[in-house]
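Just below sit the structures, each encoded as structure tokens.
Below, chain A partners chain B and then partners chain C, in two separate complexes.
Here is the complex of A and B:
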């Protein structure tokens, strides 16, 4: 897990965009399965066997999404049965399954992305676009927890003053509004003080520089190049899949197989990196 | 690293993106690509629009006080998204746009979307949320004077922005799922999202009703007191 968190954030962002973007614009069932498996494996590698509630929601979402298409889309030549004078076709069912699988796979990729991209990495990536924006972001990210603590303090003070009872809905609603109003005044004033203090320390006098923990290492460059090449390979050797009016899949050629292998490797890269570290650790422990 | 330090490159970005890249993408989408690519194009346009805005932001000399107030409002939006059911994000974005100008409104909306999604789930929809909330704030800034004078207009704008935001996000959901825009699916998703749309509009209305005036007064007070 540490190994993947040490990778350069820009390389990581590009990797996640490639791996999820490739599957988003494809309706090839084999590719979808590869992607789903890679994403799930990464999820389990990062979190272990936890988060069953989320998995449950995701499965429910999958079922609803898969059913949506055959109910509302009546394209396709093979009619399975007729419902309310509307034909339900095999092709629409298959398309629904594939679209739902795609959405679930992308959700898992983005979940892993959010987990791996902590706020310092986010700042690093955004800082590349604009240093001022990075400053704005870092201040905002700092304010969110600060507001939480301050709001708790204000509400405790009001409770201690006896301004509201907890068991009264109107009272607690009013209290909520009052706390919010106090918070707004406090945050604005606090913000101004921060700004003045920044100006006094010379903010805006020179060109903005920034400090970051991340550098480009050979591993990062390798990781980035490998993911670009693999994604390009799988995009070039795309296998055409047409759902309507009849399911038509291009024959499995050597080229298509190369595309699949490339995408499979792309999807497995993070798990491989995590796994390598775990194996190394085990071996070292064993030798001691 | 990849900081766009060069002022000229940023300036070039500001002209090339709206005049060349976005029309090119749309034209390509209309002629070359098949239906499945609409999603790619709409996503590309959304990301470019947000990038364009950020490039312009770096160029301008914004005072540090203004900068801090924008970040404070964004943080309030993010904290507000934790309130169950009623979300003040749109209302706060509108207020920011109204009192601090369109640029601040756009920044508050777009940044609140991308940052809060780190708590609520990042996804391909982030680009659209950024653009959607950003535009709500930007337009509120353009109509700032009008909205400040007529409360009825402000309420209508709040409710409408909730409804239109929801409808646009539904278009995107259907395009993601179906590849093209299937009208029946679209209507189905609009109907399925109706409770959310209603909740959005009601919370926009309620928050604007209760917050617009006191919040505006507070912002004005800070503005007069510290001379921003």
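Here is the complex of A and C:
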């Protein structure tokens, strides 16, 4: 388990909301680059140099989205060329690039989030809102794969019994419907057993307490406070960027630089945490 | 002081005239281990559910149930829930949450136990049950035996005084079942926990229980120490097949003296019956086989590309008109081999022929229409309708093949039948296509000894009609009684093969209780009948 995965799920959730939310509400290309770098670095830290297929898809998505804007949006003062009697402008191109970059960055952040936040962590976060909701979620998470496996079993059993009479789509669809309908019965039938098992263990005798494997540690608190401060700094020292009709960027002041540094640090925090641990390990191994 | 007192309990379900339980009285001492037995439908499950207030069935209840002198209905809600633990038959459906640790904590959360206490109790319990390596896992990744242990552990965290178990091992394979029963025994010995357990694997439970409660047709037929109760029950035709094989051998040779219950006692008993007149039974004659019904050559199979091979160069031949039993441990690939033979999974290398024709050459599902059919392990997966009548609408031929009348079940929902009854209805449905080759996966799982005997009769009759039957099973005693040839499966391949007597005489663990009992005394004795015959021929040694 990597250091980042050990952090308290609530702190982690807030962090991911901040780091991706900040970039969603900004169209500053520098901030965007920082965010993209941080997200990519985290991806490689978590998965190593793998998943080139998904990277390929993401690049394709980026290209399509970047091209989409100048083709359909004709705002902007600087006309590059005219296509089908429609002007293609420099500003629309730049805005397209920036918007596509933003979406790709957010995508990478979410990918890392869904990898780090396993189901029990999500449950812990929701359980903070309502214990009942948490139990419901947990039961759902248990039930969905169970339903899938049982449906597959029924379908196989029925295949060997000759339920699927011919190799055609209509027939297999009909058979599929029958399997689904029996699965509903199965669900209700087994739900009774689960309900018995719950009441037998005292469910419904009063308020419930909540147990979870996660605790708040000093590091979690520090991580959360630092994330909040850095995000706030970067939001306060925001640098205004206007794309239409002409690209206008506010001058690079000290304040804006502070904002960039703050966001840069925010985006690099998880990689830094992972990296620190890796270095520590090396040192420890070396000493042994 | 008695811990549980049941006095004059009668019970009737609302829509049924006849009483399910009639005037039942018994008391259980603190720390006792009580095994409850009786045929299917004798009312033992109803009795156990009545003991646990939260899940007691609705109906007309008379009599009294007291815990430590307090009436069941006057206990506080909390106490009733936590002091009496209850484990049911189906491991899968009792689990509520998705993670092992959360399941352990579930009962304690309901008790509103503070977090640090929960942490301590579940840590203790996980260590006691040796669950640490799967503590963080998803429940769906556990094996059946692990799931049932989890159910037991998540009841035990609430520190109950009484543990009630309703056929907890019915859905487990024999090895997992023994491990489970051993754990229950350990809890009883080490914690002084009072245990009340129904079980169809009486061979394992009788030697360890303090008292045996026999329920017959809704009333107490006997209650006492196994040594006293078993000899009496052997006289009862309905319960005879439920009793352990050493005691059945004892009865078969009209034994005198004390009745042996375990393999060890059985060995002592048998050794008195040898004066070397006849030591061995003849091995069965190999019958000449010519045509193969199912042929597998160098079959390799794995479930996903990066996974390990489940079948590794499997070679097996099943001849026409024989009953072929495949035995083997969990995860040895037996079930997978069966699905490959049925064409449900496709091997990536090797050849499977059914009646001389490759599976690929059976077009348009004709394989399943005319040739073979498979009865899966979970018979519930066979049912698609709301009544047995609809289920068997097109299965006239299948029903005709069975020597039983299934009409009494016609108006019931297939899920409401007992394990043995479900098996029969499923079998009728499976036989509707008049298959030439029948594949069965663990047909004895979850059925009692009497139904097992019925099943053996049916299978033998089907064989007479010219059917070829392949059975994958854990149940050694069952295989010994019905197989023409047995095969031992290990790591995706058949390791040894042979006629039952030769096969079981070679094995020292994977063999019947009788074979273990007579090892070194008699040769080739596999079933109770075999051993009884040898005993009778030899006569009792004069010492």
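Methods note: the second predicted complex is superposed on the first by the 280 of 288 C-alpha atoms of A that agree within 3 Å, B and C clash if a C-alpha of one lies under 4 Å from a C-alpha of the other, contacts with A are read in each partner's own complex, and residues count from 1 in each chain.
Methods note: contacts are C-beta pairs under 8 Å (C-beta built on N, C-alpha and C of every residue); 3 or more make two chains touch, one makes a residue touch a chain.
Quick caveat: nothing in here was measured; it's all calculated off a predicted structure.
J.: Taking chain A as the common reference for superposition, should the pair chain B and chain C be classed as clashing or as fitting?
T.: Once chain A is superposed (C-alpha atoms), there is room for both chain B and chain C without a clash.
J.: On the A-aligned overlay, A:73 touches which partner chain: chain B = first, chain C = second, or both, or neither?
T.: A:73 contacts chain B only, not chain C.
J.: Where does A:184 make contact in the superposed view: on chain B (first), on chain C (second), on both, or on neither?
T.: First partner only.
J.: Which of the two partners, first being chain B and second being chain C, lies in contact with A:199: first, second, both, or neither?
T.: Both partners, chain B and chain C.
J.: Check whether A:234 is in contact with chain B, with chain C, with both or with neither, and answer first, second, both or neither.
T.: After superposing on A, A:234 lies clear of both chain B and chain C.
J.: In the overlaid three-chain picture, which partner chain does A:35 touch, first (chain B) or second (chain C), both, or neither?
T.: In the superposed model, A:35 contacts neither chain B nor chain C.
J.: Looking at the overlay, does A:127 come into contact with chain B only (first), chain C only (second), both, or neither?
T.: A:127 contacts chain B only, not chain C.
J.: A:141 contacts which: chain B (first), chain C (second), both, neither?
T.: both
J.: Give one of first, second, both or neither to describe whether A:65 is in contact with chain B, with chain C, with both, or with none.
T.: first
J.: With both complexes overlaid on chain A, does A:110 touch chain B (first), chain C (second), both or neither?
T.: first
J.: Just to confirm the value: shortest Cα separation between chain B and chain C in the superposed three-chain model, in whole Å.
T.: So the smallest C-alpha to C-alpha spacing between these two chains is 10 Å.
J.: Just to be sure I follow: which residues of chain A are touched by chain B in one complex and then by chain C in the other one?
T.: 119, 131, 135, 139, 141, 146, 181, 185, 189-190, 194, 196, 198-199, 203-204, 207, 212
J.: In the complex formed with chain A, which residues of chain B make contact?
T.: 1-5, 36-37, 39-40, 51, 54-55, 57-58, 62-65, 67-72, 74-76, 78-79, 107, 111, 115, 117-118, 121-124, 176-179, 182, 184-185, 188, 210-211, 214-215, 218-219, 222, 226
J.: What does chain A use to touch chain C in their complex?
T.: Counting only chain A, the residues touching chain C are 119-120, 123, 131, 135, 138-139, 141-142, 145-146, 149-150, 153-154, 156-167, 178-179, 181-182, 185-186, 189-190, 193-194, 196-213.
J.: In their shared complex, at which residues does chain A touch chain B?
T.: Spelled out, the residues of chain A in touch with chain B are 10, 20, 24-25, 27, 65, 68-69, 71-73, 99, 103, 106-107, 110-111, 113-114, 117, 119, 122, 124, 127-133, 135-137, 139-141, 143-144, 146-148, 151, 177, 180-181, 183-185, 187-192, 194-196, 198-199, 203-204, 207, 212, 216.
J.: List the residues on chain C that touch chain A in their complex, please.
T.: So the residues of chain C in touch with chain A come to 52, 54-55, 77-78, 81-82, 85-86, 88, 90, 92-99, 101-102, 105-115, 118-119, 122, 136, 138-140, 151, 154-155, 158, 339, 342, 344, 363-365, 368-369, 372-374, 376, 378, 380-386, 415, 429-430, 433, 439.
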